[in-house]
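Take a look at the structures below.
Both complexes shown next keep subunit A, but they swap its partner, so subunit B is in the first and subunit C is in the second.
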Partner chain A sequence: MKAKFLIPLALFGILVVFLAVGLRLDPHEVPSPLINKPAPAFKVTQLEQPELQFSPEDLKGKVWLFNVWASWCVACRQEHPVLMEFARLQVAPLVGLDYKDQRKDAFGVLRRSGNPYDIIAFDGDGRVGIDYGVYGVPESYVIDKAGVIRYKHIGPITTEALQKTIIPLINELKKS
Partner chain B sequence: MKYLYALLLVLIACGGVSAKEAAQLADDPVVEQRLIAISEEMRCLVCQNESLAGSRADLALDLRRELRGLIKQGKTDDEIKEFMVSRYGDFVLYRPPVKPTTWVLWAGPFGLMVVGVVALFVYLRRRNSEIDTAGLTDEESQRVEALLKEGEK
Partner chain C sequence: MTPELGHFALILALCVSLVQGILPIFGAQYGRREWIVLARPAAQVVFLLMAASFVALAWSFYLNDFSVQYVAEHSNAQLPTLYRFGAVWGGHEGSLLLWVFMLSSWTVAVAQFSRTLDETMVARVIGVLGLVTSGLLLFVLFTSNPFNRLLPAAENGRDLNPLLQDPGLVFHPPMLYMGYVGFAVAFAFAIAALLSGRLDAAWARWSRPWTTAAWVFLTLGIALGSWWAYYELGWGGWWFWDPVENASFMPWLLGTALLHSLAVTEKRGSFKSWTVLLAIGAFSLSLLGTFLVRSGVLTSVHAFATDPRRGIFILVLLLLVVGSSLALFAWRAPKVALGGSFALVSRESLLLTGNVLLVVACASVLLGTLYPLIIDALKLGKISVGPPYFNAVFVPIMAPVLFLMAAVPLARWKNADAKDIALRMWIPGGLALLAGILVPRFMGGWMAMTALGVALSVWIAASGVIQIARRLKSGVPPASFWGMHLGHFGIAVFVFGVTMVGSYQEEQDVRMEPGDTVLVGGYQFKMIGVKDEPGPNYSASRGEFEVTPAGGGAVNLLYPEKRNYFSSTMPMTEAAIDAGFTRDVYVSLGEPLEGKAWAVRVYFKPFVDWIWGGCLIMALGGLFAVSDRRYRLRVKSGAADAGAGALKVATP
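And then the complex of A and B:
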């Protein structure tokens, strides 16, 4: 009976645990239902050569990183040096999707800070973005040799995420 | 007074006009009505506390455009829901579907209620039986007398 006074304390402890876990969850990171599903097909023009088209089919048989960005996206500027580093390492093709943007604005950004992308697809009206479940730029997808989405990174890629998650995953997928 | 009344009327009329301008109406009111009915049941992913119907976020505008297109193509509500869920997951739905991962969510409150009712019942039963049996010992009744006398002074 003496331990009765411990009950509120225990309840309080449980509440604290719940709140502590809740504080660490980011409600903006919505798990994507597209993981382990085939990457949605599309065919759009390229940013730099509007006469050429790009489709995910073109990269079948390769593991690649698909990065959704835009010139108006502030967080993309923060991510940019990490993508430059990724391009320098030559791990896998880096394909950009210029999302809801104006071509000339995108050119401005690439001229000012460099172009890490091998190919950039242009998605002016955001339809490709919708098919990929994009809701906050930047977002990145790792797509495997069979054209299946294996990983989605929401928000700017950090050096840590690149080194600890994305590059090891790409290397792993390349072996299979 | 008359002037004030007139001024009030004018103000109300103006208010009505600007409200009409602010509303975005598509060419087809039937499509628009269905769009509102469907998108009110969905969460905007950018401003997560707003419905897709009410949000002014760019993505919400685009998604409403897509849904409008689907409605015009004659898709059913379920097909439109599937369009959204296949892209953004169950998170977009304000009413999550009943499936193994959401059983706790749906049944949990009722489970807790049953536990509470049972606990209350047990507690009341026990308290009742205590009232019936518990009398005062001699020592206690003497103390009661003493306290009552003290109170009378």
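And then the complex of A and C:
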């Protein structure tokens, strides 16, 4: 048996090992070191009114949802109707972070599909995103009255996640 | 009662497929004729049982029997009848049932149309297919039974995912699966050849039409999926490099390589072990695609519910099927005699180069698709790989393939004269150069990549025309000749479409009120208004737009819709498209804004339909190739007088 004819089998073996390991992993689940830590502070301009600024300090005393999005992010379009629903329910302030984006493009998206956000912070060069450990957009954080991150959701928020996890958590945090 | 009959038929099919898989292979190995002859009837019985089972599920959908869990999850009392049939394969369980049903259809077709083939060879082929069938049937019965009852029955069904309620998507999965599963036949031929040790021209000729037929279905399936994404998702894109798309594209790339490699093996007896490896690879990637899609190891816009048991089951199945065939390959392939030798410049060497490039392209897509999983498994973090990677890697690999494919048919077998090829290619070369310089200028802006795309597509098309003209001088060519050139011409059309859309599409997102106009791509769009329209299981807002060419001309009305399905919170976009030979004009409704205003997306897509037109032409080429007389006229060695005579006429 010549060794070179075993190469395909060997490659396949390696592939199977990775697939087997991959099966145990949940591609949606990512631990965040920021859970139960104070939300990193920042001060950036707002998207729609560049003359105004936004800082997490402004919302001290309130429970709020912080959603990282961008006009170039396809999954954000999938998430968008869910955020619109969240905004309609008026559970808590919804703050957007427009991540590594152009203002013009972001305006386009908001104009075309509607704006669910109460405030949008503009993070054109992605510095705020680095502090929050953003590596995939969209990501969302629930931040409590003391400014502590209590929950992080990776990927588009689904209706189910919104109804079963995020809204109940916000309501509970509001009581405390 | 009907679902139980379907379930029962499925269990019987498993039993018979085990017979079909085990006895003929042993019979062929030990020369026991009474076992060999079992292959055909067993395949026929499995097919009938699978058909019965499939009909049972379809009937449950037709009756909207909500006591069947799968029906309750994927249908609804208001769901129109057509989509109730589409819903049969609208979920995991049903689509797997379709997979196995198609496998049994291919098997019975092999049993039916291979009467002229060697009996033991057919027994081995059917046997291998039987083993694959039984593996998948075990998977269906143990982890994904579509006939499970839901007691007490649901009052109404949850309805089919609205994204799937579309004629394009009713036909997309069957086409795609026909292609995927069709590679099982090429795979079975390869395994049978390895088992028998007879890797010769006859084997290649037998598997060629089957491989081509599978490739035709896969081409059409992928094209339908892409077309559906284009008009249904409302983003105007036609390919997203999504893991699920890649899962269908990888077998296509290897299948294309296999088609060409089989041609060499048939004509020259070379590349034997390479061809076998490609046949195993194409089907393995079909199985891998099933694994990736069904196990949920990757995230994708095609969100499927996942169940870890299913992932493990398919992985084991993958391990058994692919592992054992690659082991068989490592054991038997070294004994295969080498084929004829060939020079550095010859049709063989050019085909081999193209083949290797296709495999590399496929490997790069595989790497990009699995990279997030590998990085995650190594605990190096979580990443996603998107279109920038695929475009950057895929295009440079495919450009030389496109360049080569025009010249290959000119090269002689064994030893070709490079100078001679160059001499005959100067007309297409000149035309390509000219088109590359002029067409982008005419279209409004010269860009290097655009020029390259245009030049390559003209290069392929023009050399095809010249080769056909030359060939016609020596009489009417056989169907396979037309097939090849049609296939290549389809690629040229496809490349032209992709280049034009990529370079010159125009897009505008605007806020529009009734009466507003916007100018995009030389067309003026006027919004007339948006009205509410009820549908069978949804309510819709239907917009009306007047489209006029800027220079004046016929007014066209377009009606894009925004649908709210009662069963889902997610609104669906139905884009309105005025399709044309040289451009599509595309309007889709975004969100309602204040008052009567709407966010509206308007696209101008030059030559976009050439993308799918090119795929259709490719598939047509495949059909021509399959219909070539020589596949049908070959009679068993010996009594081949009539056949050989006809063959002489067909291929002068």
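Quick notes on this structure:
To be clear about the criterion, the second predicted complex is superposed on the first by the 150 of 176 C-alpha atoms of A that agree within 3 Å, B and C clash if a C-alpha of one lies under 4 Å from a C-alpha of the other, contacts with A are read in each partner's own complex, and residues count from 1 in each chain.
One rule holds for everything that comes next: a contact is a pair of C-beta atoms (placed from the backbone, for glycine too) under 8 Å apart; a residue touches a chain by one contact, two chains touch by 3 or more.
Bear in mind that the values here come from a model prediction, so they are computed numbers and not experimental data.
By the document's definition of touching, of the two partners only subunit B reaches A:34; subunit C does not. Shared-chain residue A:126: touches subunit B; no touch with subunit C. Of the two partner chains placed by superposition, only subunit B is touched by A:100; subunit C is not.
After overlaying the two complexes on the shared chain, residue contacts for A:74 are found with subunit C alone; subunit B is out of touch.
Of the two partner chains placed around the shared chain by superposition, neither subunit B nor subunit C is touched by A:175.
By the touch criterion defined above, A:136 lies against subunit B and subunit C together after alignment on the C-alpha atoms of chain A. The wider contact with subunit A, measured as residues touched, comes from C rather than the other of subunit B and subunit C. Of the two partner chains, neither subunit B nor subunit C is touched by A:88. Touching of subunit A by both subunit B and subunit C, each in its own complex, is seen for residues 27-28, 30, 135-136.
Note for the complex: subunit A touches subunit B at residues 27-28, 30-34, 100, 125-127, 130-133, 135-136.
Listing the residues of subunit A that touch subunit C in their complex gives 1-2, 5-6, 8-9, 12-13, 15-16, 18-23, 25, 27-28, 30, 74-75, 77-78, 81-82, 84-85, 108-109, 111-114, 135-136, 155, 159.
On the subunit C side of its complex with subunit A, the touching residues are 235, 240, 273, 277, 280-281, 284, 291, 295-299, 301, 308, 311-312, 315, 318-319, 322-323, 326-327, 329-331, 333-334, 370, 372-374, 376-377, 381-384, 509-511, 569-571, 590-593, 599-601. Note for the complex: subunit B touches subunit A at residues 45-46, 48, 58-59, 62-63, 66, 85-91.
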